[in-house]
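The following pair of complexes shares a single chain, subunit A, combined with subunit B in the former and subunit C in the latter.
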Partner chain A sequence: MINFFFRRIAGLIFVIIGVTFIVHLFIHLVPGDPVDTIVGQSVSEEDRIELRKELGLDKPLIIQYFFFMKRLSKFDLGKSMITQKPISDIIIERFPRTIYLALTAFSISLLLGIGAGALTALFPRTAFDKTIMVIAVLGVSAPVFVTALIFRYLLAEKFSFLPPAGYGPIAFVILPAMTLGTRSAAFLARLTRTTLLEILSEDYMRTALAKGLTPARALFKHAFPNAMPPLISILILDLANYLNGSVITETIFAWPGLGRFALTAISQRDVPSIQAIVLVMAVTYVLAMTLADLARAWLDPRLR
Partner chain B sequence: MMNMKFILSSIFVTLLIIGCGQDRDADPKYVRIAISSNPQSLDPALATDVNSGDILAKLFNGLVRFDGISVVPDLAETWTVSPDGVNYNFLIRKNVKFQNGRELTASDIAASFSRILDPKTRSKRTWVFDAVDTFFAEGNRFKMILKHPSAPFLSLLAMPTCYIVPIEEVNRLGDEFARRPCGTGPYRFVRWEDDRSVLLEKNKNYFEGAPEVEGIIYRIVPEPLTQTALLKRGSLDICEIPEMQIPVFRKDSVWKERIQTVDQLVTVYVAINTERFTDERIRRAFNMAIDVDKIISSIRNGLGTRSTGSVPPALMPEKITGFEYNPIEAKRLLKSADFDFNKKIVLLRSSVRGTLEPAEAIAGFLRDIGLKIQIEPMEFSAMRGRANKGDFDLCLLNWYADYADAENFIAPLFSSKNIGSAGNRSRFSDSETDSMIEKILSLCQGNERGSAIIAVSKRIIKKAPWIFLWYPRTAVAVSPRISGYTIPAIFNGDKGTKYKIVKREVRQRND
Partner chain C sequence: MKTSISILIIIFGFAIFAPLLTPYPVSGDTSPKMGEQLSNRHLAPSIKHPFGTDELGRDIFARTLYGARISLGVGLAARILAVIIGGLIGSIAGFYGGKTDFILSRLIEIFLAFPSLILAIGIGTALGSGLLTVIIAIVAVSWVDVAVLIRAVSAEISKRDFVMAARAIGEPESMILFKHVIPHCYAPLIVTFSFGIASAVMIEASLSFLGLGSSGNSVLGPSWGWMIYTAEAYLGVAPWAVFGPGLFLAMTVFGWNMLGDSLRDKFDVKAELR
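Here is the complex of A and B:
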């Protein structure tokens, strides 16, 4: 296990270095001159050249990459071209908000998804099962902005239970978290149901029931542990998706997280910010995948 | 069943309890105004966007400011202009204090203007001073000498760029000044949380007397439907109504009384690449093919006026007429110009909200006269890049006034000196138009200039380098708890000194 752990971590470092390189390269492929973003187009050519020098844009790409990595090693992500704020400060300010939203959404999806999945697996092919699965199909296929507007209409406009948007105490997180969470909950419910049904038809489950366990007890004691490995990886990837900021949900609910920052940065051509966000997102994702692998290996020794 | 009822009612109660959470961005002590994006910068030298300009108007003052579309005194009490139109002499108001407590002097104005022109400041608005030769402070007077007379000059001085800053604060704070601005305006800066809100509180020492309200919260809410949801819930006081929501608001018993509309100093058009469509008959035909009134009534819910040339009517000395919808004549013109109907024409549009439906409608009308139109949506700056390079057939664009003068809708857009990114994206080049524009630029305000503006506008309509579409109108909903708000014609035309909160709480439930 320890050996496996170190191998994965070593691989991780290479992946992250690769990501930084690709990010750096991509940013330079995007049309448009960062100098335009900073000073506009009415500036003399000499001043532009001066500014390019100052920003290091006159150096070859590989040298620029070297400087970028050097700064990165000191956790310096540069300054936003638009707001002039250090990007690391912006990310430190916003990441907790996105984590807050992500964890709430994750809890909702976990409770609803696994719960509905387990219940339907206990009563397969009943009316209850069918109803839940129809809802789940709708949940998976409805785009986020539709679910967002439906939830908001019902819970904030029709009945004023919740604030329609904004950032603040617990009430504010519920609508965006529901929007995010129900989508993966629906997916999770279907996955839990199929996985559990498969396991429930195994011989050892029949043995468990034959020795007198109640179906619920058999489910929790024997079926769940065996259903966990595939679910865990889906759950962790979901969490990584939430952590990467949900541009649409954060925009609809005016949630000032990482997703909004990404959107603003892209629309304003704020190159250093885009670079930093992509990097943070990529690292989060890669870390989550590694975590998922490790968790699965821990739960299922055959995978090591 | 009993159990189910219990569960449902406890969910209901829990929701009610958590629903009562305080939203500090919606504090009813303040006037709460929605803006759709984070302001770029609160440093007058650096800000170029509408949202920043709106906020800066509350924090700072210039020599002059807009009242409607006319220029009125602000920090300058009065001014004189020499008969040749090149010497401006401003008398600076006394007893004006910056929010850091120091008194404003004429030399602050010189220092603020020099700062804009300093390349180190990296202002994108140095062109505002293009006509200026020199300026200096003399006692309580501030003098500016121009290279040549410039009719829109005072209008330019009312732009946010020309707001006066305390230079010692700028030096002390450096880049941070843009995040912690300090001016002379009716409100002072309190806090700015990115993508969330900007809070201003009243300046008790404002030279025209402190505003009546405690302050203003600008709430940054990108999605228009979210804005209206917040408004109806009572968490916002002032927000723009998206076109599609207009009928809903007009039917609503509370809100139909609370809608204000204003004609913006904006013109929406399709630039025709005049290098590809050299025959003006073809360009005129494009104009006649489109039923603009129909687009305004059906897509924009009436929010706009059909264009009569490029200049919005408020800035025109007298009314002129543009193109009428006449598809039969359009077809005849195309045939007489031997137009190749099999040629594929690409209409570029940006993927910005609100361009899809108009582009579809325009393409539809052009297809009706037999053209082969293909719409190409693109990311905004990529589209602008192509428009600047002239790499397009047709391109749906708009032009916002930088200052309230007809010239701003003529010279940048149609002078052959300004082809490309400077504004003339249809790459229109006509020597007669050029010399007419030169004439306008050299004339001071007056009848002669008025008739020159009319003459050039008529010439531009005749040459049809654009498909002239409409001047949009903005609709804003103002909560019943607020009085004293009028939508400004220009984004920085509202100082917010007349706002009043007449009722503390307005909470409307929809049922």
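Here is the complex of A and C:
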């Protein structure tokens, strides 16, 4: 396990170096002078020269990358072109809100997805099972922004159960969290169902039932522990979907997190801010993936 | 298989025959009759306008039909490129192994570390909005799942007897790769091609929704994502404006996913496809 742990951490460090390198290249994807991209055109010639020196733009790419990493190590992500505030401050303010939204969505999807999956696995090929599975297929295929708008129209505009958009007490988080959770709940329901059905046909389940356990007890005592390791890593991998979905969901529901910040950055072509957002989200994602691998190896010694 | 193919044939039919299927022009009437058209804004769905009309009085059904062109066009173009790039990188890594595989695998790992839409947004913002940007962004985020799959498949194929036989008669390595290994990857390539179009279509719509795609009226017509974006502003008055493009988008994604599923079962490709 120790060996596996260190191998995995070494891989993580390497991937983070690669990710930062790619993100640092964004500035060079923009046609024209990188200085314009970073601070806009209304800057005096002396300032430009100074900035160029500070960022190492006159040096080769590799050296520029070291400059970038040096600033990054001090958590200096540059200034937002729009507000002139340090981007790191904006991220510290907004990232927790995105996490809050994602965690609420995650709870909803866990409850709905695993619940529906377990129920359908207990009653396979019934009308109930079929209805739930059709809903699940629809849920996986519908784009986030379509479900978002349907939910907002039905629950906030047609019938005012919930506030349509904004940031505030618990009622505000429900709509965006439902939207964000739907897709992964649908996905989870299908996954839980197939995993459980597979396990239910195993010999040890037949033994459990034969020795007189009720199906529900057999499920909790024998099936869940075996279904857990793969489910956990898939749940964490699903995080990418929350991060992807957060940009659109937060935009539609005016949720002031990182995703909505991305939209303002897109419309202003604020590349330094976009760099920071992509970086934070990618690093979050790799950290979670590494955690998933470690958790899975810890639960299932065969994988070490 | 039948359901998915029929759905896709219908959507392709809409894209190709859009001008024959609707009497309305895609961008609506221009100058002289503009006033008259504007008086038709936000009409609810009816026989004349099955999906209603939008904020400029244009027929949403017509625009949805034309919208299939961008969706399918961008989806196909991006996926073909992604399959070529990802297939080449994956098969080179799997076939040559050793150091080559080590380096390419690290590259694959780095790209796997990005949530796909987030990376696409980053690239899209840097390059500026437009159709070409969307295609580049989609290819940049989607070659990697092809590479992962094909690397595994080609590594397995490279151990087979016919590869050894080719080596024994002295065929050069690159020749073996292109003549024997890559052609044997056809089944997983077809499966991943189909799944990938579903996600390419989704990313295209998302980028357009965020204002990074082509603007409302490119040569090909409007994008569904863009149509939904404009409909969002009038959700309270004209909720139906979301329905048409939303339904078609979901159907297209569903169709390609279903086709991918049945192709996977047919070819018995065992691989975790995202």
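Here, the second predicted complex is superposed on the first by the 269 of 304 C-alpha atoms of A that agree within 3 Å, B and C clash if a C-alpha of one lies under 4 Å from a C-alpha of the other, contacts with A are read in each partner's own complex, and residues count from 1 in each chain.
The definition used in the following text is that a contact is a pair of C-beta atoms (placed from the backbone, for glycine too) under 8 Å apart; a residue touches a chain by one contact, two chains touch by 3 or more.
Just so we're clear, the structure is a prediction, and the values are computed from it rather than from any experiment.
Trainee: Overlay done on subunit A, so just call it for subunit B and subunit C: clash or fit.
Mentor: Pair status: clash.
Trainee: Once the shared chain is lined up, is A:166 touching subunit B (first), subunit C (second), both, or neither of them?
Mentor: first
Trainee: Between subunit B (first) and subunit C (second), which does A:254 come into contact with in this model arrangement: first, second, both, or neither?
Mentor: In the superposed model, A:254 contacts subunit B only, not subunit C.
Trainee: Now for A:85: first (subunit B), second (subunit C), both, or neither, which partner does it touch?
Mentor: A:85 contacts subunit B only, not subunit C.
Trainee: Looking at A:138, would you say it contacts subunit B, subunit C, both, or neither? Reply first, second, both or neither.
Mentor: So A:138 only meets subunit C here.
Trainee: Could you say whether A:49 touches subunit B, subunit C, both of them, or neither, answering first, second, both or neither?
Mentor: A:49 sits against neither subunit B nor subunit C.
Trainee: For A:146 in the superposed arrangement: first (subunit B), second (subunit C), both or neither?
Mentor: Touch partner of A:146: subunit C, not subunit B.
Trainee: Given the touch rule stated above, what does A:267 touch, subunit B (first), subunit C (second), both, or neither?
Mentor: Touch status of A:267: both partners.
Trainee: For A:157, select first, second, both or neither according to whether it touches subunit B, subunit C, the two together, or no partner.
Mentor: In the superposition, A:157 touches subunit B and subunit C alike.
Trainee: Is A:299 in contact with subunit B, with subunit C, with both, or with neither (first, second, both, neither)?
Mentor: neither
Trainee: Identify which of the listed stretches of subunit B (39-47, 291-299, 327-335 or 471-479) has C-alpha atoms clashing with subunit C after the superposition.
Mentor: Here subunit B runs into subunit C along 291-299, and the other listed stretches stay clear.
Trainee: Touching subunit B in one complex and subunit C in the other: list those residues of subunit A.
Mentor: Subunit A residues touching both partners: 31, 149, 152, 157-158, 251-252, 263, 267, 269.
Trainee: Using the touch definition from the top, list the residues of subunit C that touch subunit A in their complex.
Mentor: Against subunit A, the touching part of subunit C is residues 106-107, 109-111, 113-119, 121-128, 202, 205-206, 209-212, 225, 228-229, 231-232, 235-236, 239, 242, 246, 249-251, 253-254, 257.
Trainee: Provide the residue numbers of subunit A that touch subunit C in the complex, in ascending order.
Mentor: Within the complex, subunit A touches subunit C at residues 11, 14-16, 18-19, 22-23, 26-27, 29-31, 137-138, 140-146, 149-150, 152-153, 157-158, 240-241, 243-245, 247-248, 251-252, 262-263, 265-267, 269-271, 274-275, 277-278, 281-282, 285-286, 289.
Trainee: State the interface residues of subunit B toward subunit A in the complex, per the touch definition above.
Mentor: Subunit B residues touching subunit A: 15-16, 18-26, 37-38, 40-41, 48, 119, 122, 124, 126-127, 175, 178-179, 193-196, 219-223, 225-226, 229-230, 232-233, 235, 380-382, 385, 421-422, 507, 509-511.
Trainee: Once bound in the complex, which stretches of subunit A touch subunit B?
Mentor: 31-32, 38-43, 47, 51, 82-85, 90, 93-94, 149, 152, 155-158, 160-172, 174, 251-254, 256, 260-261, 263-264, 267-269
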